[in-house]
Structure formats: C-alpha cells, structure tokens
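As written, the chains take the letters A, B, C and D, and residue 1 is the first residue of each chain.
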Amino acid sequence: MDVILLQLLNGLDKGGAYALIALGLTLIFGTLGVVNFAHGALFMLGAFCAVSFNALLGLDVVTVDETQTTAWGTPLEVRTPYVEAYLGDFGAWILNYSVPVSILIAIPVMLLVGFIMERGLIKHFYKRAHADQILVTFGLAIVLQEIIKSIYGANPIPQAAPVAVRGAADIGALFGFDPGVIVYPYWRMVYLAFAGVMIAGVFAFLQFTTFGMVVRAGMADRDTVGLLGINIERRFTIVFAIAAVVAGLAGVMYTPILPPDYHMGMDFLVLSFVVVVVGGMGSLSGAVLAGFLLGILQSFASMNEVKAIFPGIDQIIIYLVAVIVLLVRPRGLMGRKGVMEN
Amino acid sequence: MDILRVEGVNKSFGGLRALNNVNFSVEEGTVQAIIGPNGAGKSTFLNCMIGRLAPDTGTVMFGDISLTGMKPYEINQVGVSRVFQTPEIFSELSLMENIMIPAMAKRDGSFALHAFKRLDQDAEVRDKALHMLEDVGLVEKRDEIAGSLSRGDKRRLELAMCLSQDPKLLLLDEPTAGMSRADTNNTIDLLKRIGDRGITKVVIEHDMHVVFSLAEKVTVLAQGAIIAEGKPEEIKGDPRVQEAYLGGAHL
Amino acid sequence: MSLIRKPLNRRSILRAGAVGGAALATPTIFTSKVWSAGYLNEPTGAEVILGFNVPQTGAYADEGADELRAYQLAVKHLNGEGDGGMLNTFSSKALQGNGVNGKKVAYVTGDTQTKSDAARASAKRMIEKDGAVMITGGSSSGVAIAVQSLCQEAGVIFMAGLTHSNDTTGKDKRKNGFRHFFNTEMSGAALAPVLKNAFGTDRTAYHLTADYTWGWSQEGSIKKYTEGMGWNTAAAVRTPLGAGDFSQYITPVLNSGADVLVLNHYGKDMVNSLTQAVQFGLRDKQVNGKDFAIVVPLYSRLMAQGAGENVKGIFGSTNWHWSLQDEGSKAFVKSFGQEYGFPPSQAAHTTYCQALLYADAAQRAGTFEPCALAAALEGFEFDGMGNGPTLYRAEDHQCFKDVLVVKGKENPSSQFDVLEVVEVTPRSQVEYPAEMLGGELGACNNGA
Amino acid sequence: MVTKISPARDYLLFGVFAIAVLTMPVWLAPIGAGYPDLLQKFAIFGLFATGFNLLFGLTGYLSFGHAAFLGVGSYTAVWSFKLLGMNPIPAAILAVVTSGVFALAIGYVSLRRSGIYFSILTLAFAQMSYNLAYSVLTPITNGETGLRVLESDPRLFDSSANADGPLISNLFGIEMTGYAGFYFCAVVLLIGFFIAQRIFRSPFGIMLRAVKTNQNRMNYTGLNPRPYTLAAFVISGMYAGLAGALMCITDPLAGAERMQWTASGEVVLMTILGGAGTLLGPILGAALIKYFENIFSAFNEQTLHEAFSFLPDFLEYPVVSVAGLFVGEGWHLTLGVLFMLIVIFLPGGIMEGVSRIGRLFRRSSSKVEPSGATAPAE
C-alpha cells in the first residue's frame, strides 16, 4: 500500500514536470504551427539562468593567503562571495534562496530570448515545411547548447535547494501511517505545486483574458482569425515568449532535482515531443493529461514487482503507451483533426 | 436502365438530420442535376454516394454493385469519378503527370509496383494523357506545375483527370463555382462536348444558368429531403421549389 | 574554408594517391599491409605519431578534455619541455626527455563521442590517415572494448583510458591492448574491508545498477565481496541509462528494510541518483537502529563536483587522487597545476601514465613494433607513478597497484577538494588470478 | 519535371556519379578525406540517406525511427558472420530481408497515422528497440559492448584454416577493410543509387509523389495510398538494413547506439541538408555531416597554429582562439551553424544551391530559359 502511494506521488511529481515542459511546446504547435526542436534548449537555458545567477552571486573577493600553498605550489587563494562580504546576512539569505530567486532573473531573460528567437528566426519559418522548421530549430538548439558548453563545460553543475526545503517530509505520519514509511522531499513537493500554479496560470491567461481568447481562436482556426483583421503576428510573438518563459521556469525549478548540464535539453526533447503528441497536437489540456499519465505509468512500471513480470518494461513504457494511445486514438488523447497531419 | 439507384438513405450528424429517406436514381447516359439551397444536404448526399460518408440506413447501388461500405478508391475502380468543389489536383506535379496518374490507375488497378519501368517510356499512358490535355485545351502547358494554373485551368485539369479514366458515372460538385461568366460558358461547352461520349453525369450546382443549359433532369433537395424532381422546365415553374429557395431561412 | 587549409601529412597524400591508383587497376593488392615495411605505420621520419582518442562531446566531454590536457603534458615531458613531471620519479630511467627512440613525439586528436561507432571511426582515421602507431584514451568501457578490438585487428597498440569494466582485461582482453586503470573486481576487494570497518558486518544492501555491462560488472563485484563479509542483498534493481529522474527507483528503498544503498552508476547517472537519494533523506535515515549509508563504488572527482554537497561522507573507490603525497603524484600535480591552474583528475592521471608507459616500453624495446612493445610491457614492474609499486601483468595486460578508498569530504577547502582518501588498499589485497575473468589474449598483431 | 528527363540524361548522370564515387580516394585526398574509413562512411551513409529519401523525399512521410532498421541490419549481419561465416554476401542479403520484415511490421502499424503522429510512432518503435537492445536483449545484442564475431563462433561455411587471422569479413579471400571495403561499399551504393534513380522515374515513383501532394485525390482516382506508402517504407527500411550490414562488413561490430533517436535524427538532417526529394542531395548531405564529424573534430590547437602560422603572431593567437571554438570539441557548433545557414538561405538544401549556380551558368551562356520549377502562383 505504502509502496503504491509513494509511486503515485512519484508519478504526480514526474507528471508535473513532463506537463510543464510539454505545455510550452504544444502552445507553440497549436498557435504557430511550428515544430520547435529548440524547446529543450529553452528548458536548458532556463536552468542555466539559475546557474548563472548563482555564479554571479558567487563572484568573490580573492585574497591570497601567502602562508598556505596549493598542491602545485602557488599561493592559496581564499574566496569570499561579494554578496556575503557586502550584504552580510541578507547576502547569505540570497545565496541560500538563489534557485527560487533566480526566477525573477529568468522571466525577463526568457522573455527576451523568446522574443529574439521568434522575431529573428521562427517568424520566417511559419510558411515553411515542417522539415525545414526541424532543421533550423535543431541547428539553433545545437548552437545554444554549444555556447553554454563553452562557458560552463560539460559537467553537471549542482544547484542546492534552500536549506529549509532541502530534506524530506514524513507525509505518511500526517495521515496515520507509521513514521518514516512515506517520506517525500520538500523540494519535489514545491516543484509539484509550482507546476500546478504555472499550468493553472497559463490556462487562466488563455481562458480569461481577451488576448487569450484571440490566441485560442487562433489555435482553433488560424485563417479566420487572420481574416478578422486581428494582428495575429504580434500575438504570435507574445505566445512564443510565454512558451519560452514556461519552459525556462520549468528548467530553473528543476535544477535542485537534476544538476543541469548543457545537454539536458536534448535529453528532454524526445520525451516532451512524446508527451505533446500523446496528448494531442496543440491541445493544452491534452499535454497536461498526457504528462501526468506518462509520469504515473512510468513510476509504476519501475516497481520491482512489475519488472519481475515484464523485464525491461520501465525502459520502454513511455513509448509503448505512446504507440497504444496513438493507435486507439488517432490524434492523441485530446487532439483535433487536421493539426500537423501532413 | 438506371446506372445509380439510391434507396432510403438517411444520415444524421448528432441530432441534425442531414438526409431524410432519400430515394434517387440516375438513368444511364443522361445528365442529371441536384439543386437546392445552402444547407439542403447536397454535399452530404454526394459524399454518401462516393464512400466518403457511410449512410446510417439505406443502399446506394451502382448497377448491381452496392457502394455502401466501399472505400473511395474501390468506388472509383468500379467506374465512378468525382470533380470537387475546389479542384483536387496534384499541385506539385506537372500537368502531364497529373493526367498520367489516373490513366495508370484505370489500367493497373488500385496498386501496382512498377518500380523499374520508366514512366516516360509508357507510350500508351503518355498518348492518352496528351490526348486528354488537347481535349481540354491545356496541351501547351503540359510541363507546367499544376499548382501554378489559374482556377479555371485547374478545374479543367481535374475534369481531364476524371475523363482520362473513362468513368461510367461522373459526379460534379459545383463545377463552375467561383468562375467568371466566360470561364463558366467554356466549362459548359466542355461538359456538353464530353456528353457525346455517353458518360452519365450528376451535377450539383447553384448556378441555374449552368443547370438549365446542361441537365436533362433536375432533382431539388431541401432540408435533407427531395421535394421535386423532373425536367428543367417543369422544375422552373414548381412553386415548392420557389418556396424552398425564396422562403428558405438562408436567403 | 580557410579552416581546411591544414597542411596535410605528405605521407598520407602519397599513400592515398598511390593506393587509389593501384586499387583501380588491381583489386587484390590494396590492403594497407602492402604499404608498410615491418609493421603498420612504422614511423620513418623524425616524428612518431600517437593518437589521442577522447570524448570531446557528450556527457564525458569534461573528462575527455582533462585526458587531452594530460596527454599534451605527457608529450611535452617526453620531448623534454616543461619540468619533466613524473619522468623524474618514474622508476624506469630509459626515457631521456629527448623524444622516443630518437623521434620527436607528435600527436593527433579525435572525438569518441562516447559511442563505439564514432570512437572506432575516429581511431581508424588516426590509423589510416594520420599514421598513428598507438591509440589511447576514452572514458567508458564500451568504447574501450570497441577500440581495443579495432586496434587488435588493425595491428597497433591500444592503451586504454578510463575504463572500469572487468571485461576490458577479462572476457574481452586483447594482446594489443593494455589497461592501467583498475576494475570493478579491485573496487569490490578494496571497498569491502573499509565498509566492514565503517558499517559492520550486519548490513543489508540495496543496489541500483545502470542497466548495461559495466553496471552489471560493478554490481557483481560489490555483491560478491560484501556478501563475503556477511552482508545481505535486499534487491538489485536495474535502472535505464540516462534515466534523469530516479525517484521511482529510490522510493522502494525506503521501506525495503535495507540500510545501505549501493549506486552502481557513473557519470550523469551517478550525479543524479546520488543527488536525489540524498534529497529523499536517505543519508540521514535510521534503519534497524543503524545509520543509513550510501556507497558509490566508482568515484570520479570531476563527477563528484557535479553532485555538490551531496557527496559528503559517502564512500567509494578511485584509481588515483591528486591529494596523494607520494613523490610521483606530487610531481604530476605540480606540473599539471602549473600548466592549467587546477589539479588533474584520475582520468588525466591514468592517461598521462599510459602515455609515459607506452613511450618507456618503446624506448626499452628500441622499436615501436607492437609485438616487441607488448613484450616490453608484459610483466613490467615499475614505481613512482602515484600508485606505489605496480605490475603490468603479462597474462591479462592489467595493471596491479594500490587502490584508493575515498570519502566525500565534510569541509572542502576548494571546489577541487571534494574527496578525502580514507585508505590506500595495498596491491596484494586486490590481486586475483588472471583466469578468473576468462577471455583469451590471442596473438599479437603487427598489422603486417 | 521528372517525365521530361530523358533516359540518356539519366545514364549520363549515373555515369558521372559512378566515376565521381569510384575516384573519391583521389580527389578527396587534398581535403583530408581520402582515407578508407571515411570513404566507407560516405558510401554507407549515402546509401542510408538515399533510402530514407525514397520515403521522405517522395511521400513526405517523415520517419523518425529509421535508425532501428540500420541497427537490425547490423545485428543480422554480425549474426550471419557468427553463424554462417565471414562472407559479406549472405550477410547483406539476410540483413536486407530481416530489416525488410521489421519495416513491414513497423510500417504496417505506423502508417495508419500520418504527419507528426506517424513520426512519433516510428520514433517510439526505434527507441523501444534501442532501449531493449542496450539492456534486456543483451544475450542477442551484447548490449553496451556491441556484438562481435568471436573465435569460438561456429561459422559453418568458413574453412577452419583461416580462423587464426583477425575476424574480418572477406569476399572470397579479399578482406573487406581499407580500400577493398570502400570499393565494396561504393559498388553497393551505386546499385542502390541506380535503383533509386529508376524508382524516381517509374510509375511507382510518381505514385509516391502523388501521395505527398494529394492523398484525397489519389483515393478518388482509384488508388489506395496505403500499399504505396508501405512499399516505400519497406524499401527504405531495406536500404537502411543494407547500410547497417555494410557497416558491419567493413567493421564487424554492431552497437545498440546505432538505433538511438539521435542516429535517426542524423539521417533526417542529412536528407534535408542535401535536399529532400532530389537524387544526389541526401548523399551530399551525408558526406558533409560525416566530413564535419571526422575531420573538424580532429583539429586541435596544435594543428590550428600550424594552419595559421602564416599570420603575424598578434593575429595568429586571436584567430586560432576564435577558430578553436568551431573545431575540435566545438565541431558541433559548426554543424549547428551550418544547419541554420543552409536552411535559411537555401530552402531546398545543398541541391538548391547547386541548381542556382547551374541556372546562373546557363543564363550567362545562353538566353534566359523558362524554368519549369517556378513558384506556385497561390
């Protein structure tokens, strides 16, 4: 029982992450009709906003300690971060909360990145074949990740969660289970809540604002909205920038769980495409549903009991589910006819 | 003899009854028109005939073959061709290629793996295609890309594609929609000319000028049911038809 | 296009042209063998060319970069530039710092991408185009085994880089291939006594194992030695390579009754699974009245940096660490640190040693001929390279030397100072009979 | 247009192509690509991309799982070596058959969907194959290490006499390494190219283009698009299988990572980069990517300094450090930039560049001629 509950919790947590990554991708599909292979790179850029912010905070005063030497004979350098040196306790607080605080940095950065990408590149590819879109966005993804690699190297860079939420909570005890049976890390719960808020935010934005209504109308029927004389182009830019922000923030908040490296975007790319397609091209609720479905199934497939019956099932479960869903429901869980079918 | 017989066809979409017990027949070698106001169910009816939609009840018989439940390409293979409201052509291919494809489909059936033959060595198909292009007056443009043609030319190309299959029955869905008067007249002439080959035709049309210059028999459809049928001049004076057109909520 | 203005090796142009022409005429004589006198790629000019085949893209790119730095340093030292590094402490004095066999050492580089196909393509380029007489490098066992068998077939020497699987010098050993790095068997043998001291004999272990050959090899060795001292194994769960999020594998550990988690992961998998296991509170957990423990059998300092604070107090084994205080290690750390500004990794150390050992064997053999060189390496005893007295065993071409057991440091003094050496397990304790791991060396191949 | 190209021109094209391929060792040497392994890779990946193009270029169905067939072909070839002997001919034939059967099964299921749904289905099948081959199927695939021929394998039809030499595929005594291996691959590539050329000009080929252009019209023309696409998928899978077999014939090792999605993506990139739907484009694209992978990654600081040594010192160092970003460990960056530049400025890939240059030539030598491929009016 407790095992099932824990896996369900894992599934929700994973599902939240998948849904969040897929959300921006499907938004771009649905409105702009662009196959964006650089979406993973946006996720990665977001994560590196956190890394950069942390590195910036870590900029330090170097004092040379002549009395000690390094193993290779040069004098030892003692480093104290500027923020701590000048801001004292507040500086230490910012250092501690650097991951959540870097959201404030990531939002403008990702907006700008999204804006530049759409205006400078993606815009010119609305009318091009999907194959061309794939090639150009894939090329862009490589360029972006190589830039990050040349700055930060290839190794993962650890980002610590704030001390207050670093450990794990004994949730089971709250519900009358024995202590220590159902334990879950605080940060993962923070992430799940964050994913929930982001998803709700995007939905509310599309549901309750005029802007959102036009975008939804555009998703349903692009040509007609164009005919209504609405300047859809400007809205496309904004939608792309929003998608970039969603992907970027998903990346920022994921860093304490998965130490980011330059390649993490590619690692998530295939998965996010599978989630989007299983959900149904251009369907936001489909993407969320598929994210949670795949997350939960993946968690259960990894249980020893399940693997004992189907060896290796955890290796392929995502793809197996994708195949079955697409065969039973031709356009994914909630897809509409005619989107990306040719 | 009737080449097409439709009996008791019903079709609903959700709660909406699109076709209500439609009985309809076409005599071999004639030109028959289906008219009706917008939303009368003309397109639904046509789609039921060519396998795009399956009727809820009723039968569609082509000669002694039942068309209900057949795939579109199977229906074509027994001798039914269709011209669409917006021309459906192979817009990335040349005109020649556009016509050679249906000609080969007629000869080789729905699938043939001729992967090593050279298409340009196939004199039979090539001659036929050239002949058809000449017939519709597009022979000069034979190497152009079909997508670059004018709308009228596209329509003529589509017609030629259908004719190159020597169909027994040709269904035309508003063949002159969106055309200029001159183009419309050209098309009427063309359709009349091919009438000489003895191809049975069913025309769905809005334009009364076209209907009355072509059709030998007219069927009027309104709100999913046939309300009148007869020779053009009979239909012209029928009060029910006038009521359907003028009193209809859509006008 | 100016980038491609690379001045071509005159020799390779001649050969390609000549062979191309000949091939069109008579298709039976154009194997490369015809074109070498005594052995494949015999250096005839003033230079001898070595091939440094390291991962430059992908997850191990930083390790690859460190390997390349070490190779470049080794080349400098061999050619008499710099401070000579370990040449001064190396027990064999055959090398004089004036090149090898009177020839200046030159090198070519390539990217393995940590993929067998790409690594072999890159090695082939070095052999076929650049005329390399030796290939070395790499950062995974799959690549090492793939390139080793290629070198055997082609007829050049392969000096393995970072490869930890038993198979490299076990089931898949080759006469032309040599490994300085240790293996999972030695990790198990070295770790077990330390774990016994730290955690006692009444423990239950839970393994998470990367689902491929190296992972299985590691899991097998650790199980063998821990069970040998009385531990139980609760479960051994296979995880997909590159899983990213391991939460679904970690949660079952919580209630399995196990009190030790063994992470048979390397690279990014290790960083992620360790980070997440610590987040799940495993390091602070109490089970059966004992402190829960996490063990990472193969540590890499570069990767440990990626896991940050999570490595604190966690045991593992490693081939070498820069904080060692013997003369060889100090000399190497000094010259590497002065050149690049940071200490070398174990990958850098093993590849530096391999380059020197190769050069020394060539000097002692007086030739670069693979068979003669292999004979000079086989059974070679040496010291002064950081791991104490070391033997290149003739039977399986595996180096036997002391193994380090390390622990994540509680109070690191710098970003490089993440591990502390707990124990130097003496060589005698990690030795095993060569026939235990199976495999056949076969005959050596000169490629001619 | 296709039907306008005369047989004579096709034979001329084939002849020129054949000569160009067979003389590659000579004319590629000056740019550092004239060594057997890279030449073999050009031929093998050219074949792979040619096959992929038969599906994607003609029908427009974008398979994102073609590497699965490459892998299946490779494993089959190595198993053929292990069980039957080191002759490449049975290995190649068996690889084509097995990958054909695989393609039939995967294609039958995947082709029930179109567009991106088709792409994801093929991707899912390939990823499942890869993940399983890497882990639980290790008894068949030898997992991470890769499947190799061992001394202890039965090799039924090999005389036991040559068992002590290295285990390299040989065609009646000719070892399939080095230039012999390249010529074997080159001949297979030429055969594959010839077949592809015939398919392009055939009624079947035009039907595949019809699938891409308008499936609705096809249906109402009495043609069933499904068997056409399935046939194209299977043929294309066979090409991939053959390419996989060639990889093992020249180098008897089959690894699982050959089936990973990145490998599938690579052939997609090769095809689009060269020009999808053209005969030569995919081969050029394959060669370009393989050239970057093998040659650009091999530059290091030392070679760069040699290359720019003609510059004065104050220029040499900055130039080397900038160039260094794009070569060696930065070769991916060059590739990414190249993808973007080509797709931005040459929407039809490299072949569009070639035909633009060709048009320039013709314009200057003769009068302006009406181009058949004018942009559609709509």
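The rule we apply is simple: a residue touches a chain if its C-beta (ideal position, glycine included) is under 8 Å from a C-beta of that chain, and two chains touch if they have at least 3 such contacts.
Nothing here was measured: the structure is a model prediction, and the numbers come from that model.
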Closest chain to the protein's overall Cα mean, using per-chain Cα means, please. D
Measuring centre to centre with C-alpha atoms, which chain is farthest from subunit B? C
How big is the gap, in whole Å, between where the Cα atoms of subunit B centre and where those of subunit C centre? 74
Provide the C-alpha centroid distance between subunit C and subunit D, rounded to the nearest whole angstrom. 33
Taking each chain's centre as the mean position of its Cα atoms, how many Å separate subunit B from subunit D? 45
Would you pick out the residues of subunit C that each touch at least 2 other chains? 57, 61, 65, 211, 238, 240
Among the residues of subunit A, pick out those that touch two or more other chains and give their numbers. 312, 315
I'd like to see which chains touch which, written out pair by pair. A-C, A-D, B-D, C-D
Which residues of subunit A touch subunit C once you look at their complex with the stated criterion? 2-3, 6-7, 9-11, 13-14, 17, 70-74, 149, 153-161, 166-168, 180-181, 183-185, 187-188, 256-259, 261, 263, 267-268, 298-299, 302-304, 307, 312, 314-315
Can you tell me which positions in subunit D touch subunit C when the two form their complex? 22-23, 25-26, 29-32, 34-38, 41, 131, 134-136, 138, 143-146, 148, 151, 164, 166-168, 174-175, 177-180, 183, 247, 251, 253, 255, 257-258, 293-300, 302-303, 306-307, 323, 326-329, 331-332
For the complex, give me every residue of subunit B touching subunit D. 50, 71-74, 76-77, 81-82, 84, 88-94, 96-97, 100-102, 104-106, 108-122, 143-145, 147-150, 161, 165
Subunit A residues touching subunit D - in the complex, by the definition given at the top: 35, 121, 124, 128, 130-132, 134-136, 138-143, 145-147, 150, 270, 273-274, 277-278, 281, 311-312, 315-316, 319-320, 322-323, 326-327, 330-332, 340-342
The residues of subunit C that touch subunit A in their complex are 57-62, 65, 211, 235, 237-240, 242, 244-245, 247-249, 251-252, 254-255, 268, 271-272, 275-276, 279-281, 284-285, 302-303, 305-310, 322-323, 330, 333-338, 343
